[in-house]
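Can you keep this structure in mind? I'll have questions shortly.
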Amino acid sequence: MAMEKQNQEPRIGFYVCHCGTNIAGMVDCAEVAHHVGTLPNVVMSKDYKYMCSDPGQELIQKDIAAHGLNRVVVASCSPLLHEHTFRGAVEKGGLNPFFFHMVNIREHDSWVHTDRQEATEKAKALAQAAIGRVAHHKALETKRVDINPTTLVVGAGIAGIHTAMTIANAGKQVVLVEREPTIGGHMAKFDKTFPTLDCAACILTPKMSAAGAHENIRLLSYSEVTKVDGFVGNYKVTIKRKPRYIDEEACIGCQDCIPACVFKTPKFADEFNEGLGKRRPVYIPFPQATPQIVAIDPNVCLNFKKGENGDRVVSDKCKKTCVEACGDKDAIDFTQTERFEEIEVGAIVVATGFQTYDATRSPSYGYGRYDNVYTALEIERLVNASGPTGGHVVMRDGKSEPKSVGIIHCVGSRDKKTNAWCSRVCCMYSMKLAHLLKEHTNAEIYNFYIDVRTPGKGYEEFYGKLLEEGVHFIRGRVGEVTDWAMTPEEEGKLVIRVEDTLAGMVRRIPVDMVVLATGLEPQKDAQDVRRLFNMSCGSEGFFLERHPKLAPVNTFSDGIYIAGACQGPKDIPDTVAQAGAAAAEVLALIDKGYVEQEPNTAFILEDECSGCKSCIPLCPYTAILFDEKTDKAWINEALCKGCGTCVGSCPSGSIVQNLFEDQEIFSEIEGVLAYD
Amino acid sequence: MEIKRTIKYQADRVRGFGREVMSVPGCEKLKDCIQCGTCSGVCPLSIYMDFTPRQVMALTREDFKNEVLASHTIWLCASCYACTVECPREIRITDIMYELKQRAIHEGVYPKRFPIPVLAQEFTTMVRQHGRVSEGLLVTKLYLKTNPIAALGMAKLGMGLMKTGRFSLKQENIKQRADLARIVATVDNESVKA
Amino acid sequence: MTREWKPRLVAFFCNWCTYTAADLAGVSRLKYAPNVRVIRLMCSGRIDPQFILEALAKGADGVLIGGCHPNDCHYVEGNYKMLRRFQLLKRMLQDMGIEEQRVRLEWISAAEGDKVRKVVNEMTEALQALGPLGLPGRFEEWDREVEHLAATVQEKEAAGCACGAPAEPRDTEVAHV
Amino acid sequence: MRYGYFPGCSLKGTGRAYEESLLPVMQHLGVEMVELDDWSCCGATAYMAVDEGKACALAARNLALAEQGGFAQVMAPCSACYLVLNKTQHFMQDYPAMRRLVDKALGSVGLKVSNDTPVRHPLDILLNDVGLDAVKQKVTRPLKGLKVAPYYGCQIVRPYSTFDDQADPVSMDQLLQALGAEVIDWPLKTKCCGGSLTGTLPEAGLRLSYILLKEAKKRGADLIATVCPLCQFNLDGYHDKIEAKWEPVRVPTVYFSQLMGLAFGMPANRLGLQRGFIPMPSLPRAEAVAA
């Protein structure tokens, strides 16, 4: 029996990896191998250039056979990277994969230390700990868990839509949740896309309506995820359906109610147009909105007017003309309230996007102080034919066209005082807006940049095109935008003061309009969303991928993936590529049909349990139960997630965690301290 | 037409100068400069400088000690801190200017008869000796040392100040001048040790 | 020992936040003191106070515990449960006369590679200033004392002394808990 | 409310009107200002340019004197003093080597500095300790109809903004409004006046003063209110030169404390208002409104 073989005296094989020079450059690998070779139970000890390579893995397999090894330790990189690889190699060599332990001497040693002797000593100590530990390892079986084939996609911008469509096209069910009344996200607000200048709506809206109509997609707009329970393959998700005061089934999207509203002229700031346009209390964000269902804004609708004591007072000014216009469709329902719905899914893709930097945080550029300082997103709406001015670029006075425009790059990007990162898209969208503004107004356009970054297909060529069009490019981060004049030509203008760093002199440039190329930053509730889905955020606040290169759409929680700008600033092509990648990961998971769970669960030694029950309230998964007949506690393995909290606090020491048994950890402690 | 050759050879540098400056408290972040020009853009005096503040950062980092210490730029800095506050890399440019001024004075390379370094030195001498600055006396000394003719032009201002009771040639003194001298001597002593 | 004494720091890091942060420190090539030896656990909630005592008893000069920030625990609230135990342990260590700075608990998220560097360096410096804890040596000393006392008691008993209880071995009692 | 008062050299010289107005105004509000015994010059911007270590040690001597005198807080009305004392504290906190140097230097004369005595500006104290309501209560002659351009200058908000916004400070705006004045909004309120360059290098420094005066005038200001003796001097003292070079921009520049005194009903000559070159033309108007 395998079990017997493995319970024999430990025969440990040890391997230390050079990782090229990544480890060997700072750790004397031969010396580590030599030292470990002298330890008890070690039958062979080797150093090798790349243990994770095929020959490296084969080496382990051959040695298991040749030397009768029953335990293997590899000292190389982080177990989070290659533990899986080496367990596989050990298994192929005929051993239970859990007779393996990995020592991290790269991320935790060679990369973070500068003294070769110290780093080598540390590697020896860590290896010695693993040798002590692995002797206590036991054969374990992994548990298979079935995967629910339905997927939840959170956020329906271009990333979420593309992910949902890809999964749905493969014949799998998707629930697509969007918190706004319409899907489409930021992309729906853009006029054109760079560098091809094709119209954003023309390429996005067909995708939006296809997603809305897809037989495998259940679209929940104006909804938010409020709770996530469970684990990979079996998540239980609670979704809040916010009241839009419209029966979604009954509304046919005729929009007859909108002009019927008692507000004869639209008077409330229109979010979709960045507040440049106005809407009524009953509205549809934009003509191609998906779903084609109106919404009623209770903050401004007279029907929801609150009295001084907070009670609803139905104003007699509201004639319910919208209800009248709706007629026997009877879709308007002022009594709607928040509803909660629970769904079950196997995988989740988070595609919650970004928000743009708040330009008032950079007061020297005068946004909010001077009328004609705009954000880039406002200009997107201003040049858009379906925007608030029908595509006429006029300034806030409503009539004059700008004759000169200054576009300031890197507002809220590359600035340690606000956001330190490069937002990746601003150079390109600034050039796009420069082109569009020139096309619409023939104004003199000045771009103020720190560096022009055009790393994309056709991007550098687009820069060339702009130069040919006569757009000015001035290398210098603008010092300030003010409205005081030094010369007659500056009277009544906004004056940009900047060092033209290439000319090596300070310039004052008067313009009619200033556009701030605001950067991309995490959504303001990113931290809440992160907690909801048990993800991590990088220091800048974007969601953290499992590995920056090899697992860019995975998170540290299995079954939860990220796509698009919630992971970091990116343009549309990259967002779509990442959305496709996330969909592929989900499909791979669903298609396999099951996941293997790490067998690091806990169990109770019945004989030793004193029945004190102190472990029971500690378990966040209610996996510990109490058997009244035997007066002992027991653990439901299916519910246990393997944190070990109960183990650490059992007064009688009668709970054991697989892979983290007390004896294993004590040996590790002894090991790290034994070496001198 | 007079032409001037401006090429710089590696030998024109004073190797290690940049590193030295960057090791001084407050000057470390010069390493992070991305040459965006915000400092020059917000500097109210950059328009009078021979090198813009941004160029001073570049020259310092690249070891062009002679060029930097001889430049007018460091003496034109009025310590308004606009650059320090606006710099996207959080470089304390004003403090770097102070450091460069100190070095220029130490090496005696500042422009002669240029009133600003003279003022700085007269000021410190007065503080060291008396503990307080007597503005009238200080300004008078300054003009006599740098530009006696301009002093005549300032006479009207001086008269006005005297009339409004704001001008005096009396030297203010603190009581514990000996303490002051000992503090200064201790700092000197420590600097020599370092 | 011929070599110069250097502080020995044992760290228990949770898999999801602090261990990952230490990986990030590596990937970012941050440099910190080599005195730390990390032991990985799935959750800081797994940390049994015995682990900390064992580490000190086996020759560590200090112990560092790293877990997820409050509300960020991968297992909902293992870090809180650790915190509760940790408070009790601190009191006990105080009674044993072990300096407070020798055992430290830090919340370090997966993104805070630099915090790993900072905390390890700070702790190494603090331990350097405190000097060796030297519990293993002290144990030997205490063992000798107890043996000596036992021998005395035996002698006295043999001599027919009726006083019964031996002289109070004050320190030893606590130290062997 | 008791503060160790660090006047600085200017408030005893060219800026004496600042002290002459601040002392009675603060006293009227129940704020006790006790001049530090035997204080020495803060070093201003000049000393930093010559020797950082000495500059810090000399500035720290004053902090030590404050501690010795048992003051929990120091009030430094001059912008340069306020900055230098704050900067010294920051340097000592951020750089252990500087801290050691200062400790050693002060130790040589038996002084010690714990570096935890806040150095505060009168505006900060007026807004956050006294409170605008208390100020309003004392106003007997509101400055109705007086258009004031608040001018903060550089060093009280930069580089350390401890009590107000760095780019758009509002504390003096609020104070002036509490006095009943009309506040002019202008983008130059934290721009440099030229500092010591106005004296040493007039071709550069003077232009900055000119721009400030010109813009204040253009926006209809009756006067400029300032917090800094050097700014006041620059904006007040060089009108003949500015006129010779550019154009007349005769806007008077006074200390905020002088305006407070006026609003509190104190006579102008007790507030040092006779010391300015450009007289305050609008004062009768303010009185007329009050009457």
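Think of it as A, B, C and D in the order they're written, each chain with its own count starting at 1.
The definition used in the following text is that a residue touches a chain if its C-beta (ideal position, glycine included) is under 8 Å from a C-beta of that chain, and two chains touch if they have at least 3 such contacts.
Predicted model, so just to flag it, every value in this text is computed and none were measured.
Novice: When contacts are scored as defined above, which chain pair ends up with more C-beta pairs, A-D or A-C?
Specialist: Output for the comparison: A-C.
Novice: Rounded to the nearest whole Å, what is the centre-to-centre distance of chain A and chain B, using the mean of the C-alpha atoms as each centre?
Specialist: Roughly 49 Å separates the two chain centres.
Novice: Averaging only over C-alpha atoms, locate the centres of chain B and chain C and give their separation in whole Å.
Specialist: Taking the average C-alpha coordinate of chain B and of chain C, the gap between them is 53 Å.
Novice: Any idea how many Å lie between the Cα centroids of chain A and chain C?
Specialist: Whole-Å distance between the two chain centres: 37.
Novice: At least two other chains touched by the same residue of chain A: list those residues.
Specialist: Chain A, residues with two or more chain partners: 364, 480.
Novice: Can you tell me which residues of chain D touch two or more of the remaining chains?
Specialist: Answer for chain D, listing residues that touch two or more other chains: 167.
Novice: Sort out which chains touch which and give me every pair.
Specialist: A-B, A-C, A-D, B-D
Novice: Over in the complex, which chain B residues touch chain A? Could you list them?
Specialist: Against chain A, chain B makes touches at 34-43, 46-47, 52, 54-55, 86, 88-90.
Novice: Using the touch rule from the top, collect the residues of chain B that touch chain D in their complex.
Specialist: Residue positions touching the partner: 24-26, 44-45, 48, 76, 78-82, 84-85, 92, 94, 98-99, 101-102, 105, 115-117, 119-121, 123-124, 127-128, 131-136, 139, 142, 156-157, 160-161, 164-168, 172, 174-176, 179-180, 182-188, 190-191.
Novice: Taking the touch rule as given, give the residues of chain A at its contact with chain C in the complex, in rising order.
Specialist: Going through chain A, the ones touching chain C are 78-80, 104, 106-109, 111-115, 118-119, 121-122, 125-126, 129, 531, 534, 536-539, 544, 548, 556-557, 600, 618, 620, 641-645, 647-649, 657, 660, 662, 665-666, 668-670, 672-674, 676.
Novice: Note which residues of chain A are touching chain D in the complex, please.
Specialist: So the residues of chain A touching chain D come out as 363-364, 366, 369, 480, 482-484, 486.
Novice: Spell out the residues on chain D that touch chain A in their complex, using ranges where they run on.
Specialist: Against chain A, chain D makes touches at 165, 167-168, 186-188, 211, 215, 218.
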